[in-house]
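Chains: A, B, C and D, in written order; residue numbering restarts at 1 for each.
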Amino acid sequence: MIDKIFRDAAAAVADIVDGTTVLIGGFGRAGQPVELIDALIAHGARDLTIVNNNAGNGDTGLAALLATGRVRKVVCSFPRQHDSWVFDELYRSGRIELELVPQGNLAERIRAAGAGIGAFYSPTGVGTLLAEGKESRIIDGREYVLEYPIAADYALIGALRADRWGNLVYRKTARNFGPVMAAAAATTIVQVDEVVPLGGLDPEAVVTPGIFVDRIVVTGPRPWLRDGAFVGGVDLEGTPLDPAPAATGVAS
Amino acid sequence: MIDKIFRDAAAAVADIVDGTTVLIGGFGRAGQPVELIDALIAHGARDLTIVNNNAGNGDTGLAALLATGRVRKVVCSFPRQHDSWVFDELYRSGRIELELVPQGNLAERIRAAGAGIGAFYSPTGVGTLLAEGKESRIIDGREYVLEYPIAADYALIGALRADRWGNLVYRKTARNFGPVMAAAAATTIVQVDEVVPLGGLDPEAVVTPGIFVDRIVVTGPRPWLRDGAFVGGVDLEGTPLDPAPAATGVAS
Amino acid sequence: MSTRIRREELAARIAADIPDGSYVNLGIGAPTLVANHLPADLEIVLHTENGLLGMGPAPHATEVDPDLINAGKQAVSELPGAAYFHHADSFGMMRGGHLDVCVLGAFQVSERGDLANWSTGAPGAIPAVGGAMDLAIGAKSVYVMTDLLTRSGTPKLVRACTYPLTGVRCVTRVYTDHAVFDIAPTGFVVREAFGDNTVDSLSALTGLTLSSAERG
Amino acid sequence: MSTRIRREELAARIAADIPDGSYVNLGIGAPTLVANHLPADLEIVLHTENGLLGMGPAPHATEVDPDLINAGKQAVSELPGAAYFHHADSFGMMRGGHLDVCVLGAFQVSERGDLANWSTGAPGAIPAVGGAMDLAIGAKSVYVMTDLLTRSGTPKLVRACTYPLTGVRCVTRVYTDHAVFDIAPTGFVVREAFGDNTVDSLSALTGLTLSSAERG
């Protein structure tokens, strides 16, 4: 019997040792596995290399992990955001290393790791600073740069729903890096809103087959969903709006 | 307004000129776009290069196309089957060229064409006859062979359902090469059982986004389906079973 | 003196050049304004590289969905006919040349079509590239939307970029507040000059040798 | 003389070595027999490279679905927990090393673990490889299921393959009708000899230097 459900996030991340490379899903906040990241913070592993599209937003999730000082290096495409003050401070003071990768090369390098590709020629970044020192080659008259896979010991991702085999479906643009990261890590840990019985996911609509998933943590519904349906009433960070929003304008 | 629906298969293949490379979907009979192939036969284009996993089964579909003598070359992984007599005869008499590609490299080379990858290093085939003459490289202690994309002028594929934008869902293992071929061709033509109104496909479950599809031909339900649900009563070739099957055994 | 058109007018001008049925990616910043000017009777499918085709406008504040954002991490909506996909598929879509048009901002565009729009190379700045380099090479037509001059009056159209490049020989056309330029083998070609701008006045502003579409 | 076990027994022997929860691909031909011997109380997820995980047994003749076949193009069924995917994803799954076990047939296996199972190299034969080369390098454990000797008595375990290779140094273990062999850096190791087979009798049959798992 296959049952990948772990009792909680702490148990799911308990064997992550110092020096590990961890892929963390999410594009900004969408799809970011915040409860798993919080468990990794509580767990205390140090000297981590984190791969994510960004380098944290605000003071929660990935940003909170960076704030612990336990991340040695970030591999990402877009660290600088209006709310990336945690990373900004670490970077400016030389306390964190950055490998900047164009977003599509980042996704494809992660995909290559999962798909057993040794390296690939990408047209993205050719002739730019981010291709400096990399091999290039002209193929059919077009120049490409050689890019290598990004594999990892662990992936922490978020999805909407799982069955106990680890089949996953995502929700809207929160899907982002989840499917490629799940395949690229030796151990993939997913947090989901809910687990459905085996057979409860349409086999045609499964996005990540369970073969790529090792551990499932159920974190319960998010504030903008009820029974899996969107009900709204939150801001972009998922914080519930004031139940009786103040009227705008002169009245206040 | 986007409406990719063509009135019939003949109209959809009418501009395929001699000497074209055509990706044809299907694994054996599953997913093989037989009506589109029949239209290509009627259309009469010659000197074609066909890319498919196989080289035809029986006397219909791809095999019938080969039988016209209008295919110069087949790129495939598994031509030799119990019912590949059409190809076998052409090959043995030197009337057709064969490029044999391991199945996974075939799929990945087609995928690379659609995804804009210039070439990739694959571990499949290393040290074998099928890697002879190809570049190889050791990456992280493992040997890989360099494989190039397979792009095409046209793809002919089969799917279950489309909307007028060309979003597609497939059915079971008939999905096979459809999604990667759709992305790898300049013009992708799909035959579907039915077209649903825009918005009638779940955006989370679309397998091939419409951006990859140019022309849709509606060929109607297949004998083993009713209103999209499986009803059975056919053999593997889709031929209806005898409505009153004879009892087995001595009675006859 | 020369006439400049406003940014919203420029967005409308770009929108008018996008044919019905196009698949389009609008870059972060000013290019997103183009969406407001796409004719309602056309079907132009918007792509956002974080994994959606068929992106719709920003929702009402009470309908914001944290799982449904664009590449700029703003709330958006989905239209009938939408499809979601993962990042590798999304960037394969771009890299594979499936988008008809992308519209990008720029720090500089060179006369051979090089684009610089991700880094000013300023010391101490935190570098961030996102999908800029993928977009630059990832559409059949790469349109740039920019002011012709910086606030300090320096031309953004240049012989050769001095800022770090985003992509080489990738720009198809540049829409500026003064004129629209195509990139041809000979360099910038003035496709349309707004107001009282002329090829000569634009040459004077930019210091570039320009040709005219009529003469070309 | 030596005792040989029947093919169904061998399939059962292989099935017994596959742990609960494994993801397994059973190659075309004899390896498909292994499915009949997987214990019903275990969950072993079968992969078929044409795009399905969670493959179930052949359906009743009236329930044959032309859209639901295995890599051998035979009718199969889907189990609860199944998932479909396209060919590139399916072979990425294999090539990326995500399968725990695959079981393959063989013409020859060499003592360094080379596999030959796709072509006898006979002149005039039509070559066909299918997924054989992907499977050979595509699982954490690559098990071969074969008779030890051909019908004419030639050993299939060899010092070096004479048939065209399918994969290099890829085989983990060979299950034959006479014995089970592991591939070690030193060559074939007899893991288990059936009936009255011994390391010495197997050496005599194959002409190979064999070691014993007990001594190793």
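By definition in this document, a contact is a pair of C-beta atoms (placed from the backbone, for glycine too) under 8 Å apart; a residue touches a chain by one contact, two chains touch by 3 or more.
This one's a predicted model, so the numbers in the text were calculated from it and none came from an experiment.
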item: Pair with more cross-chain C-beta pairs in contact, given A-D and A-C; value: A-C
item: Centroid comparison with chain D (C-alpha atoms), farthest chain; value: C
item: Geometric centre distance via CA averages, chain B-chain A, whole Å; value: 34
item: Chain centre separation (chain B, chain D; CA means) in Å; value: 28
item: Multi-chain contact sites of chain D, meaning residues that touch two or more partners; value: 52, 78, 84-85, 88, 91-92, 94-95, 138
item: Multi-partner residues of chain B (each touching 2 or more other chains); value: 108, 111, 115-117, 122-123, 170-172, 203-204, 207
item: Category of the chain touch graph - line, ring, star, complete, other; value: other
item: Chain-to-chain touches, reported pairwise for every pair that qualifies; value: A-B, A-C, A-D, B-C, B-D
item: Interface residues, chain D side, partner chain B - complex; value: 48-52, 61-70, 73-75, 78, 84-88, 90-92, 94-95, 114, 119, 124-134, 137-138, 164-168
item: For the chain A and chain D complex, residues of the former touching the latter; value: 1-2, 111, 113-117, 163, 165, 167, 183, 198-199, 201, 203-204, 206, 209-212
item: Chain D residues within the chain A interface of the complex; value: 20-21, 23, 41-43, 45, 47, 52-54, 78, 80-85, 88, 91-99, 138
item: Complex contacts: residues of chain B adjacent to chain D; value: 27-31, 53, 77-81, 87-88, 91-92, 98, 100-108, 110-111, 122-130, 143, 170-180, 207, 222, 224, 230, 232-238, 241
item: Residues of chain B defined as touching chain A within the complex; value: 108, 112, 115-123, 137, 139-140, 142, 144, 148, 169-172, 202-205, 207
